[in-house]
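Chain naming follows the written order as A, B and C, and within any one chain the residues start at number 1.
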Amino acid sequence: MSTSDDPTTQTVRTHSTEHVITAGADASQRTPTWKKVIRDPQAAITIGLLAAIFLIGALTPLIAPHGPNDADLSMVNAPVGTSGYLLGGDESGRDIFSRLLHSINTAAISALIGTTVALIVGVTGGLVGGYFNRATQSITEWTFALLMTLPGVLLLIILMPVTGGDYRATMFVFGFLLAPGIYRIVRNLVLGVKNELYVDAARVSGLGNVRILGRHVLSIVRGPIIIAAAFMAGSAIAVQSGLAFLGVGSTEIPSFGAMISSGFRNLYVAPAQFLWPSLLLGVITASLVLLGNALRDTLEGSKPKAKKVGAGQRVVADVERDGPTDPDALLVIRDLGIAYPGVDGAPNEVVRGVNLSLAPGDVLGLVGESGSGKTQTAFSTLGVLPSEAVITGGSIRFDGRELLGLDDTSMAALRGSAIAYIPQEPMSNLDPSFRVGSQLVEGLRAATSMPRKDAKARVIALLDRCGIVDPQRTFDAYPHEISGGMAQRVLIAGAVASRPKLLIADEPTTALDVTVQAEILDLLRDLQHELGMAVLLVTHNFGVVADICDRIAVMKEGEIVENGAAEEIFGAPRHEYTRMLLGSILDEDAVRTDPPAAVKGVAS
Amino acid sequence: MTLYILRRLAAGVMLALVILLIVFLLISSSFDDTARTMLGQGATPESTAALVEARGWDRPVIVQYVEWIWHAVQGDLGQSAFTSLPVRSAVVDRLAVTLSLIVPALLITAILSVLLGVWAASHGGVIDRFAQGISLVGHIFPALLLAIGLVVLFGVELGWLPATGYVRFGDDTLGWLRSITIPVIVLVIPGVANMSAQVRGRMIDELNRDYVRTLRTRGISSRSIVYKHALRNAGSPALTVMSLEFIQMFGAALIIENVFALPGFGSYAFNASLQGDIPVILGISVFGVALVTVVHLVTDILNGWLNPKARVH
Amino acid sequence: MSLLELEDLRVSYPGRGFRARHVEVLHGVSLDVDHGETVGLVGESGSGKTTIGRAVLGLVRPSGGSIRFASQEISGLHGRARRGLASHIQVVFQDPYTSLNPSMTIGDILAEPLVVHGATSRDARSRVRSLLDQVGLPNDAIDRLPREFSGGQRQRVAIARALAPGPQLIVCDEPVSALDLSTQARVLDLFVDIQRETGVSYLFVSHDLGVVRHISHRVAVLYRGDLVETGDAATVTSTPEHPYTQRLLLAAPVADPARQREKREERKRLLAAHA
C-alpha cells in the first residue's frame, strides 16, 4: 500500500460524532509570527526607532560633517548651535554631533558581535548538552559553569593585555560570557522537548538526530532565542559603553561610553555635553529592552496573571438567600451557572442550571466526560473556583446556609471542618517543601484549633486508620519520599481529619493503579460508614460509581441530563446520553472473537 | 552536610585552578609587553629580555603556574611588578571597598524584591501593575546612566550627598554611609527590577499549583498559604536569581566605582590591566573566582535547606 | 514463523547519580506477535509494559536477550539500519496532546515519515489525503494545526501517521487511556477495522483489562518486570490462572452495582485466602 489507488486501501469509515472545532476561533493563532509582532504597537514602535537610529548610523560617512577624531582647538567646548557644530564641540574641540553618529556604529557592531557569538556558542552548546547523552551533558554543563564563574566585566578588564582593548575583541569575549544565558534557555527547552512523544514518534519514523534537531527542536527554541537576542544586544551595548567609560580600549574609537566620560569630566564647564550621548544610549538600550518585552508577550503568549489570594469566588447574580430549604438535605445546589471568559471576552458558560441534592450520609456520583463541568460544580461548592470563573446564578445551600456570596474567610471556616476535599493527583497536591505530617497538622489546627500535641496524635492515628503501615515514618517523610497510593491515603487522612459532614472527592482514584484503586475505594467506603459523612464523588468511571455510590447524576456539556438511584440508572437509563455512555463501556462480554487478520498487501 | 560542603569546596577549588590556568595561558602572551612597560622609555630588546629572564617569565607557563599556586597556597600572592607592594593586602583593601557597596545593595535588593514580588503576586490589581512598572523602569537604563543621572541630580544639582569620594567605615560611619548611598541606590534599582519580577513570577506559578488549592480546602489561612507555603517553594529559584544578581552587581560595581571615584576593585583591576601588572592581575583573578565560588556554595546550602528534594544526605 | 519474537528480553536503567547501580526493569521477557494478530500487554505502573514497547521501537536499548522482527535480529541495530525499520514498525502513543508537534500542520506531520523515505511531496500529499480518509478525518484537516482538534481526532491523526509507511507492526502504547469513554470505543473500533483491512499486527500496551480484552487475540500479563501469564484473550481476561491476574481482574470495577458487590466480596475472599 503505497499509493492512494491501491486496491487494498479501502477507506474505513467509522461513525464519528466528534466535531471538528471550528477554525474561526483559532484563526488568530495561525497568523504568521512576524505579522503578530508587527501588529503589536510596542514592538512596532521600538523596531521602527531602532531601525531609524541604526540606519542613520549606517549613513554616517555621508551625513557626518566631521570625522570622529577631527579636533579643532578653536572649537573646544563650543556651545550648541555653533555653525557646523550642531551640538557643539567637546573638550578636545571635536564635533559632538559627528562623534554621536559614529558612536551609533560602534554600538551596533558591539551588539552584533556580542549577540552573534553568544547565539552561536549558546545555541550549539544548548542543543548538544540537552539532546545527547549524559556524559556530553555533564561536559557542556561544566564548561558553561566555568564561563559563569568569573564576573564578566572583571574578566574583560583583566584580559585587556590580551585583547589589546580593541572593543571588537572585547565584545567577542563578552559573547562567550553571555552564552551561558542562552545555553540555559536552549538546554532546558531541548530537555523538555526531547521527552515529548512527538520526538519519539519522529525517531520511530526514521528521522536522524540532525533532522530531529532541525525540524522539531529548533522550531520550539526559535522564539525564546529571538527574545533573548534583543536583551543581549542591549546588554552588549551597555557593557561596551561602561568599559569605554572606564577607558578600556583605544581613545580613537568614538563610543557613547567615551563621550559620556569626556562630558562627565567637563560637567562643571559644559553640563550639556554628557547629556547627548547619555540620551541616545538610553533610547537605544530602552528600546531593546522594550522590544524584548514586546516580543516575549507576542511570542510566548500571556503569562498567568497575579490575583488576590483569598478574594473568594466571584458571584454576579443576585443570590436568593432565604429561598425554601429542604430540611432533609445536607447540600442543595439549585440552578447553578458558572462561566469563564471566552476567547473574545464574552462569557462562556461551562455549567448551566445544575440542580443537585445530597442527603446526610449519602454517596452521590457526579459522572461525565471531560469538559462536562463536573469538577467546576465541585469546586464551586468548596469555594475554590479559579479567579477567572464567575458564578452567573443559582444557589448552593449547605446545612441550611447559603454558600454563594460568602467571603473567603467564612468559607475557610467551613472548609476543612464541615466540607472536605480529596483531589485527583496525589503527588501534586502535597506541598513538596513540608513534611507530610506538618501539612496535616496545620490543616487540622486551622479547622479545630486543637493543641499541636493532640493534633499530631490524631493525625498519626488517622494515618494508621487509612492503612499506612508505619504512620510515624510517613508523618516525618517529605512528599517525594512516598508512593502515589500512599500519598492518596495521606490526602484522605487530611480530608477526614476534622470529621467533615460532606466529603468532595474529585476523581480520587483516576491516577492510581487498578489494584490500588480498589483499596482506596474500600477505605473511602469504610470511612464513609464510620463517620456517616455524605460524599460527592466526581468521576468519569462508571465502575467506580457502581462500586461506591447510592445515587448518580450524569453531566453533559454543563448540564445534568439524568439524576437518580444508582440501581435505576444502571438498570434502566432514561436519557439517550446515559445509554450511549453505558453502551461504550468495554465490559466483560466484549471479548474479541474474530481470528487474526489475513495478511494482505504486505509492505514491500 | 559537612561532607557535602567539603565536596563543593573541592569542586570550587578545581574550578578556580582551571580558570587561573586559563588566565595564566592568556596572560603569558604579554610578558614581553609588561617588561617593556616596566622599563619605560629606555627599554631595549636586550634589557627587556634580561628583565624577562630575571623575573623567570621565560620559563614554561606550567612551571610558573605551579610555582605561583604553590606560593598562593601559603598565602603569598607576590608583589606588584611596578610598585613592589604585596598583592594580597592591596587586593583585600580594594575588595573591601567594593563589597561595602555590594553587600548592602544585595541585602536591600533581596528584601525589597521579596516584599514587592510577593505583594504583587498575592494581591494583583493596582499593586501588581505598580510592581511591574517599577521592574520595567529599572530594566530600561544601564547602571552607568543611572549612576551619572543620580550623581548629577543629588550630588551636583541638589548637593544633598557627596558626588564622589569614599570615606572608610572605620573613620567616619556617617560619612561612609553618605559616600555609599548613591552607588548603592544605583545597584539596587536594576537589582530590584530584575529580582522582584522573578519573585513575582515564581510566586504566581506557586499560587496556581494544586497543593495550594488543597491547602485552602483544609481551611488554612491565605496568609499561611502565601508566606509559608508558596514563598518557601518560590524561595529556592529566587535564591539562584540572587546569586546571579550578586555577580551582576559585582560587574556593575566595577564600572560605577569610576563614576563616584571610589577606590574599589574596578579601578585597581583596570590600572593593573592597563600596565600589564601580572602578579596583581593574578591576585585579582583568584579573589574574583573565590568570591563567586563562595556565593554559589552559600546559595546551594541555603537551597538545600529550603528545598528538601535538593537536600544532600 | 512469528512476525515479532522477544526472547529473554532484559532492560535496565541507570540509577540516579554518578556510578549508581543499574536498576533492571525487565527480567527476561519472552513473547511473540504473529502476522495480523493483536497481542495485548497488561500491567500496572512499574510493570515494564511500556519499556517492552519502547525496546521494540528502538527507543531504549536492551541489556540482554533478543528482539527478532521478521526473523532478523533488531535489538542491536542503530543508525541507518535501525531507521530502515521505520517503514515496518510504527507507533501510536498514549497522549494525543504531546505526540503531535504543536507547530506543524497535520499535513506536514503525516508527510514527514513519507518524505524521509524518499517520497516526492506531491506523492506524499495524495497519500496523506487517503490516510486521512482511512482514519475518518475530513480532507481539510491537512492544513490545520493539532490544537484545532479534539483528543479523539488527534489520536486518529497519530494512527494515520503510524499507517503512513504501510507498517507490518504497530506498537500501541496506551493509545486510548487519555480519551473519553465514548471516544475510546470508537477509536478501538478503528484499530480493529484497520487491522482487518491491512493485516497489520498490534502490540497493544494497556493498563485496562477491558480495553485489552476488546482488541486482543492473545494477552500477556506483566508484573514487576516479569511475564506472569500468557494465553488467548478470553481465557486470560475472564478465567486467569495466576493469582496476580486474578487480583487484577477482580480489582477492576464493573459498571453494575449488584455484580460489583459480588466481585468485591470475591476479591476480599481472594485477598484473605492469600494473606
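Some notes on this structure:
By definition in this document, contacts are C-beta pairs under 8 Å (C-beta built on N, C-alpha and C of every residue); 3 or more make two chains touch, one makes a residue touch a chain.
What you are looking at is a predicted structure, and each value in this text was computed from that prediction instead of being measured.
Taken as a contact graph, with one node per protein chain and an edge wherever two chains touch, the assembly forms an open path, each chain linked only to its neighbours along a line. Distances between chain centres, each the mean of the C-alpha atoms, put B farthest from chain C. Chain A and chain B have Cα centroids lying 31 Å from one another.
Inter-chain spacing, taken between the CA centroids of chain B and chain C, is 54 Å.
By the touch criterion given at the top, residues 145-146, 148-155, 157-162, 237-239, 241-243, 245-248, 257, 260, 264, 267-268, 271, 274, 278, 281-282, 285-286, 289-290, 293, 303-310, 382, 384, 408, 412-417, 419-421, 423, 425, 428-434, 439, 442-444, 446-447, 478, 480, 491, 494-495, 497 of chain A touch chain B in their complex. Those residues of chain B that touch chain A in the complex are listed here as 15-16, 18-19, 23, 26-27, 29-30, 33-34, 120-125, 128, 136, 139-145, 148-149, 152, 156, 200-201, 203-205, 207-211, 213-222, 224-226, 229, 232-233, 247, 250-252, 254-255, 258-259, 265-266, 269-270, 273-274, 276, 281, 284-285, 288-289, 291-293, 306-309.
Within the complex formed with chain A, the chain C residues making contact are 14, 34-38, 44-45, 57-59, 83-91, 93-95, 98-101, 103-104, 112-113, 116-117, 123, 126-127, 129-130, 133-136, 138, 141, 144-145, 147-153, 158, 161, 164-168, 180-186, 188-190, 192-201, 207-211, 213-217, 233-234, 237-238, 247-248, 250-260, 264, 267.
Chain A meets chain C in the complex at residues 1-4, 8-21, 23, 26, 29-30, 134, 196-198, 200-208, 211, 215-216, 219-220, 369-370, 484, 513-515, 517-518, 521-522, 540-547, 566-567, 570, 580-582, 584-588, 590-592, 594-603.
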